[in-house]
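Pasting a structure here, questions to come.
Order of writing sets the chain letters: A, B, C, D, E and F. Residues in each chain are counted from 1.
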Amino acid sequence: MNSESRLVVVAPHPDDEVLGVGGTLLRRKAEGAKVAWLIVTSISVDNGWSQERVDKRSDEIKKISALFDFDQVFTLDFPTTQLDCIPMKDLIAGISNAFNSFMPTEVFLPHPSDVHSDHRIVFDAATTCTKWFRYPSIKRVLAYETLSETDFSLGAHKSFRPNVFEDIELFLDKKLLAMDIYASELGVSPFPRSHEVIRALATVRGAASGYIAAEAFQLLKERS
Amino acid sequence: MNSESRLVVVAPHPDDEVLGVGGTLLRRKAEGAKVAWLIVTSISVDNGWSQERVDKRSDEIKKISALFDFDQVFTLDFPTTQLDCIPMKDLIAGISNAFNSFMPTEVFLPHPSDVHSDHRIVFDAATTCTKWFRYPSIKRVLAYETLSETDFSLGAHKSFRPNVFEDIELFLDKKLLAMDIYASELGVSPFPRSHEVIRALATVRGAASGYIAAEAFQLLKERS
Amino acid sequence: MNSESRLVVVAPHPDDEVLGVGGTLLRRKAEGAKVAWLIVTSISVDNGWSQERVDKRSDEIKKISALFDFDQVFTLDFPTTQLDCIPMKDLIAGISNAFNSFMPTEVFLPHPSDVHSDHRIVFDAATTCTKWFRYPSIKRVLAYETLSETDFSLGAHKSFRPNVFEDIELFLDKKLLAMDIYASELGVSPFPRSHEVIRALATVRGAASGYIAAEAFQLLKERS
Amino acid sequence: MNSESRLVVVAPHPDDEVLGVGGTLLRRKAEGAKVAWLIVTSISVDNGWSQERVDKRSDEIKKISALFDFDQVFTLDFPTTQLDCIPMKDLIAGISNAFNSFMPTEVFLPHPSDVHSDHRIVFDAATTCTKWFRYPSIKRVLAYETLSETDFSLGAHKSFRPNVFEDIELFLDKKLLAMDIYASELGVSPFPRSHEVIRALATVRGAASGYIAAEAFQLLKERS
Amino acid sequence: MNSESRLVVVAPHPDDEVLGVGGTLLRRKAEGAKVAWLIVTSISVDNGWSQERVDKRSDEIKKISALFDFDQVFTLDFPTTQLDCIPMKDLIAGISNAFNSFMPTEVFLPHPSDVHSDHRIVFDAATTCTKWFRYPSIKRVLAYETLSETDFSLGAHKSFRPNVFEDIELFLDKKLLAMDIYASELGVSPFPRSHEVIRALATVRGAASGYIAAEAFQLLKERS
Amino acid sequence: MNSESRLVVVAPHPDDEVLGVGGTLLRRKAEGAKVAWLIVTSISVDNGWSQERVDKRSDEIKKISALFDFDQVFTLDFPTTQLDCIPMKDLIAGISNAFNSFMPTEVFLPHPSDVHSDHRIVFDAATTCTKWFRYPSIKRVLAYETLSETDFSLGAHKSFRPNVFEDIELFLDKKLLAMDIYASELGVSPFPRSHEVIRALATVRGAASGYIAAEAFQLLKERS
């Protein structure tokens, strides 16, 4: 990947970007790429969250933005866990605007088999924003895996099939530091969102690809 | 299955529980299990049904409850054929409450390839309620087949793939009696919801598994 | 196919019928079949389109109707790109009425893997209207491919799998004339909706089946 | 299907043609089609079978040929249960010769997910003999289901997906008579190759398609 | 699982049984089950292996047999890496004899997507030996995953889809001791057959199922 | 792709490399990559071919080698159409030696759904030669499509799913010149191996990816 590389990770909820693409974001940034974060949903007092929780989330987003040194952060502010009630049209408009602004070369999406309906809807909406004649900057589209979502799919007829592996050995520790910012989402093994399980998954994906630690993706489309 | 077994069948509409899991419910109950029925939708005068039809449905539910001797019956009362208009969040909350109350060890869901959108939406919502760290009682999740739904799927890329077969030879007659309670849903062969077709399906599933009559399921997840 | 053949093409938006089934419609009509066009969505001033665009669309529909000499045209007038906000029930009612009126023997549907959510929703709704005991006239159900929709699917776990090929050599030129009516949708290669790409796809599908030009479909169900 | 219809059923072993296509063969013959039987394997004293068994098999083949009134019977005489030891080249040559001689319009093959390796190998070899530029007579290729083979597949990633249903109500009794010729292969329910299970499967396939009894197939390719 | 449980693991090569089913074998044995090991291939001086290597392998098999306390060990002695040259018939006969002798209730097979052709061929042959009317003792058939085989599949259209998870927390250390017996097969991370990767995989499978360490399987068939 | 790129195309038979990867080979070579051709089968007088045909083939290989300016050409000389009779072990050894000699970074394989058994067997054998710990040079493995093989698959449960598209606009004419070297394999449309169909396929693949002409591949594995 050369320095003209521009990555955007589409995260239904904050922390998906760390779990799914955290190591790769850090690596690519270190290699000179521009990186962007598109956060699709948010929480608000109007939607029943405490002001404290809302403030904490806002603080987490600031810290994550700083840690990854994102070149751009997009927040669509759709209500969390309620994307099925949002017109697909509005979702597409939000994602489309972000893509037109950032002009990504690589797009990372949640996987269509994820348990959370927000993830599946984001995948559907973002897919519409990958046609070459409307978004000519995009060269690669990949789906990432999210612990406690992708691994809990019961779909039986579709599943995450990794075919792209990124060496993240040098970046795994910092990925875990990033997860620590979302302390309330973390637990201990066997809880999926835990240091131990994140490390174990990186080891398993690395064993499949020849690295001490790796992140795995499913390539959906590449053109060059 | 020992006596600590607790089964819940999630039925988008009354009669799905008989068609899909009727024999197995009777067998497990006879073996000492606790069984529960979660009815997701209902009909009402407000939704355009006659009072007579609503009363009849209420009577059917009572009779079925008695015949199967359900230990618990949950009714979520969402409007039938309109689940696509219900916030996924509310569906999940309803199913979640039922699961937290009954603490099932085995969950039976409609199949995600079923023709009726209510079936697919119930599958999606219930799937969210099977994570071990939120619903630790659940040990097995299976999908059942519903005559005139599962067999009419045109999806082409997903379909019911039975891998679990339950011997229901001793319970087939009573399953047919249960169906008789839903007399208005029944017809004669080749109509799928008929004694003849229900018997034939039990014979075919039995031939695949060594029993005079069987019900077939697709195991989605088991942990032990 | 004999002269009692009655085809209906279900088009989410005008022009899908030409791209997917144009040659086959012309051929079957020439062979004596009755053909119908079911247009699911429309544009309107209320939905933000200019009067000029709405008039133009109306004119296009008239010209297409004349060119294909449709025996019946059904317009459901649901708002384009917003089918996810329409109750599934209403969509089904609209399609059901059309089927009950036309009594088709063959039904052509958009493919469930298409990128546009309108296509997927139309597929889901129409599927419900193919059960033999409610729609006994229907003998075959097929999915068609739509350039710039079917070929842009990122689903990875389902895709268009053509298994039926129709020789349209004698009708390809007129199919292209039909596309010219939708001039604003057309571009030049490599834009998918272009004469060159439409011709190339016909050549590729023909090479798979022994014809100079062919349209390809995926058979979903046939009974006889 | 008009009277120019020419069907060939490719049977790895005698009795596959009855179980999979028996009713349809009878129906098409009654409608004026030509029908052929291609038996891929045989048993012989050299291969360890008793002379009595070999004679009996020979007698069965004569009776089946008479009952179905086959227009042509091809016997390739490869050793049964040993097709994996036969050069693919020789198998293809045998099937190719038969196809070139009979000039079929429709070809019926065993399903590629069948348990018996002979079935899978016959499918692979016959597939090679369906290219339009070498076998231009072929208009349709379908896979049939064989009780105790197709229903015992453990493949998990491929399976029989019926999409074509033939009404065999008028021919089911004669299909069962044909099976009686293979008396030694028959048992009683739940044994799959039994009158009761054959009838039940016909009922289940019929319920999916609106007939008292049906045979189901998976269309692999059609061109017209 | 009660004490009448009889497990057999079909291992194409020694060490597959440890990698795939090691923890579960130990657990079930501790719970009172009978366990058997069916080793399909062997190495020999005739096939080009040194006497030293052959002796070492013989010693490893003895140690593994002792460690797992197998109730029965079957060795078919087909030449390793050459199963594609063995008549399927002979393979089936060998497996069939073992099954008829041990009368298993549960059968563990390598996964059909494994890279090694020996694994795929063993799966195909063993599948034939699971029909209920020939092997009535069998109640469950499962496929296991083998590090450096299942994870290196490029098949793209089939893959290991775990749906059964066994808690092996108490047995993971002993599983690693068992692997140490095959010292020559072991390496260090990221080499797949290493303590670190085996532990990581157990952690990842456990996170999906609520255990500190788990083995995952794909259920192919269950009847009860 | 930088100048350290080393591509090998594994061709079951000469001409597969042109049909599947011709444009990409020319493009990569022009960009400075090293390219190799691994021809798995050959024809010989011993196998029943005329001396004239054998000489012609030899001449074609020389011309193709010159036109593509291959840095290395490997010929394994297994008998064409008979790979099912060759020990998998020997095939793997041949491919392994070639990979160890050339040290490819990218490997192009025929698709596992191709009709010709030689193609499927080559895929299986080559897959074994892609494990990172034995072939550390390999960074990407892709499957290509071969006209008249990939498009004639009847497998129904697996198929070519392109996800990588290479712009070959500048190289299409030379790809056609390369095909002309295999004059005896060429025909006219609708024959698949014809200028017109090769051009049409390039147009269709290009329309999906934004280029006047493209080749499509299915990425099986990438690591970086």
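We take it that contacts are C-beta pairs under 8 Å (C-beta built on N, C-alpha and C of every residue); 3 or more make two chains touch, one makes a residue touch a chain.
Source: prediction; values computed, not measured.
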{"item": "Number of steps on the shortest touching-chain route linking chain A and chain D", "value": "2"}
{"item": "Partner chains that chain D and chain E have in common", "value": "B, F"}
{"item": "Same-residue or different-residue interface between chain B and chain E, half as cut-off", "value": "same"}
{"item": "Chain pair, D-F or A-E, that carries the greater number of C-beta contacts", "value": "A-E"}
{"item": "Longest centre-to-centre distance from chain B, chain (CA-based)", "value": "F"}
{"item": "Between chain C and chain A, distance of the C-alpha-averaged centres to the nearest whole Å", "value": "36"}
{"item": "Approximate Å spacing (C-alpha centroids) for the pair chain C, chain E", "value": "51"}
{"item": "Sequence positions of chain A contacting 2 or more other chains", "value": "133, 152, 156-159, 161, 163, 191-192, 209-211, 220-221"}
{"item": "Pairs of chains, among all present, that meet the touch criterion", "value": "A-B, A-C, A-E, A-F, B-C, B-D, B-E, C-D, C-F, D-E, D-F, E-F"}
{"item": "Chain C contact footprint on chain F (complex, rising order)", "value": "147, 151-152, 156, 159, 161, 163, 189-192, 194, 196-197, 199-201, 203-204, 206-212"}
{"item": "Touching residues on chain D, where the partner in the complex is chain F", "value": "87-89, 112-113, 124, 127-128, 130-131, 133, 141, 143, 157-159, 161, 218, 220-221"}
{"item": "Interface residues, chain C side, partner chain D - complex", "value": "132-133, 136, 163-167, 209-211, 214, 219-224"}
{"item": "Interfacial residue positions of chain E with respect to chain F in the complex", "value": "81-82, 84-85, 115-117, 148, 152-158, 187, 191-192"}
